[in-house]
Amino acid sequence: MKFGIMVNEGPYTHEASDTAYLFAKAALEKGHQIHRVFFYHDGVNNATRLTEPPQDDRNIVARWSKLAAENQVDLVVCVAAALRRGIRDENLAEGFRISGLGQLIESGIQADRLVVFGD
Amino acid sequence: MKFGIMVNEGPYTHEASDTAYLFAKAALEKGHQIHRVFFYHDGVNNATRLTEPPQDDRNIVARWSKLAAENQVDLVVCVAAALRRGIRDENLAEGFRISGLGQLIESGIQADRLVVFGD
Amino acid sequence: MLHTVNKSPMERNTLERCLQYAKKGSAILLIEDGVYGALKGTTVTDKVRKAMKDVTIYALYPDIEARGMQDRAIDGIKLVDYGGFVDLVAEHRNVQSWL
Amino acid sequence: MLHTVNKSPMERNTLERCLQYAKKGSAILLIEDGVYGALKGTTVTDKVRKAMKDVTIYALYPDIEARGMQDRAIDGIKLVDYGGFVDLVAEHRNVQSWL
Amino acid sequence: MSETTGGVEMQEDVSGVVKKFLYVNRKAPYGTIYALESLEVVLIAAAFDQDVSLVFLDDGVYQLVKGQHTKTIDVKNFSPTYRALEGYDIEKLYVEKESLAARGLTPEDLIVPVTLLSAAEMSDLMDGQDIVLSF
Amino acid sequence: MSETTGGVEMQEDVSGVVKKFLYVNRKAPYGTIYALESLEVVLIAAAFDQDVSLVFLDDGVYQLVKGQHTKTIDVKNFSPTYRALEGYDIEKLYVEKESLAARGLTPEDLIVPVTLLSAAEMSDLMDGQDIVLSF
């Protein structure tokens, strides 16, 4: 099955971005496909390459990048939400791309399910 | 009177950062002093110079920078919270400085009042 | 003591807890989505009216106006602007923000 | 239909609204702070037990365990891991996240 | 309202498919950005020829209240945009009766004409959707 | 736990002043970061020789529950840090009785010894503080 995922909260601040990641990972392990992960609202902050969490903590941004590289997952950051919050190409982590809200609607159309993770 | 202010939420996402700014401005207009504005939790995102809000919207980051320049307000971003969220010297807006949590406690000790704005 | 509440009382328990904590003679300032607690005709209006016997309730008028609630504030709730907010903080020894 | 709830029922009205909306035969999955709604001995336990006559309630075990609530889930609530979460989404035509 | 409609150029991929999209608005305006950014999604969604419905329940009904004046909080008043939705062929706006009543509001207090539904009716509506986006 | 104690070097400026600092914890752990980052503030505060109290009410009492196992959500379990507070001379931990009871919890369920207060007693405590930091 093809899943679309929407992530609406920033990393560390809210568990939503952890849950979304662990859901995506479990779906891939079960042989499903992740059509796209769309980052909206504060979710765009998942895409900053400047993050540097404490050494004994998970690196949420790097974890997304790795998931994308290993499973060809399309990580899309909403451009309008990103500009408001200071996410641009210059601080964008690997594996993410910035695009429009149309990518979210498209994911809703093309995926079999769309799951929203937020606050 | 000397006020300390703590801002715990990101710009645009939560009204807290607007309220904190409008409170600080009103306090200065009344002849009070703002001892320090301390940015914690997602509040550190108030300090990114990469933000670019829509043209018909307020620029929250620039507004803080201007307040600091015109009134010698000390804008301090918590280093631990900032590193988690990808705020560093390279994307720090004018007028902000990154320092430790001790600056918050110190503000509590030195100011006559400390007001918390959060979610 | 000054208490501030910035959450809608229809959605969270914040205002209710604040009303339990606010001692006789203290002040409560409703700001941001908290101003929905200052309105007539809602399911929390009675609770707020009752609390007004013991505490003074203020609401930040800019937030009321932003939400289109200009004519709906409960009689007796004092409307203040940001300057009034500053005065309230200055007048009270300490502030508890109910987040 | 699958409903997910990620808020503590002690603090917000989210679970209560979800219980009102969930139709007979639908499923509710409690995740994140929503798992506090899956526990015995709280002020919302009765409400949840009552709802279980009509809907199936699941809770994400990793979130229960993280919060130290391993032995406190209401009998009859089904505990799932992230794989089980995926299965639930796959099995239902649509998902409503009560944020 | 939004800078871009990126992805619209890819509509070919999805032409012919019409799904039922439901936008669920449960949060008050201005206190948080969800209401505004939800509206931005809806405006983009209009370009995709899908079956779009908006529901407002709980504090979401506050989004539609008339007479919003945001100048003193220095925030953009986005409530007039709800009136523009009709021009985008987004006409299915539903408001939950119970939420309105709990807040002492009536349909006359709202900036746009809406269809009132009871919670039970809204639950039926929700149940029949393909995609539910919650804000 | 934290990278820095920046500002500690400036203690000279404030030596002699002892204020009553109250840390108010009303949020559950893990769902959001407030509990963890609140604890980080408290640990730094310990270096300042102020009069520090912590109160836990509403969902904040969940922060102190024993037996937290966070491996499967891949998040750091910070609850043992509450046990370390004593070593920092932070000994005034208060829990609201009503909040505990509403959640079916007893002091035996908590990871550290605490003082139980009624809401009324806690309100008195709050009233007597100089600085109240809420999380």
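The letters A, B, C, D, E and F name the chains in turn, as written, and every chain counts its residues from 1.
Simple rule for what comes next: contacts are C-beta pairs under 8 Å (C-beta built on N, C-alpha and C of every residue); 3 or more make two chains touch, one makes a residue touch a chain.
Just so you know, these numbers come straight off a predicted model, no measurement behind them.
Number of steps on the shortest path from chain E to chain F, with steps defined by chain touch: 2. The chain with its Cα centroid farthest from the Cα centroid of chain E is F. Taken over every residue number at the interface, the positions common to chain A and chain B amount to over half, indicating a same-residue contact. Rounded to a whole number, the gap between the C-alpha centres of chain C and chain E is 29 angstrom. For the pair chain B and chain E, the distance between C-alpha centroids works out to 32 Å.
Residue numbers of chain E whose C-beta contacts span two or more other chains: 3, 30-33, 58, 73, 75, 130-132, 134-135.
Shared interface positions of chain D, i.e. residues touching 2 or more other chains, are given as 6, 10-11, 13, 32-33, 62-63, 81, 94-95, 97, 99. Multi-chain contact residues of chain B, defined as those touching 2 or more other chains: 12-13, 15, 22, 41, 54, 57, 80, 83, 114, 116, 118-119. Going by the touch rule set out above, the chain pairs that meet are A-B, A-D, A-E, A-F, B-C, B-E, B-F, C-D, C-E, C-F, D-E, D-F. Within the complex formed with chain E, the residues of chain B that make contact are 12-15, 18, 22, 54, 56-58, 119.
Only residues 2-8, 10-11, 13-14, 17, 19, 21, 33-34, 37, 40-41, 44-45, 47-48, 50, 130-135 of chain F touch chain B when the two sit together in their complex.
Chain contact summary for the complex, chain C toward chain F: residues 1, 13, 17, 20-23, 26, 93-99.
Those residues of chain A whose C-beta lies close enough to touch chain B in the complex are 10-13, 41-42, 45, 48-54, 57, 61, 80, 83-88, 90-91.
Remark: chain D residues 10-13 touch chain C in the complex.
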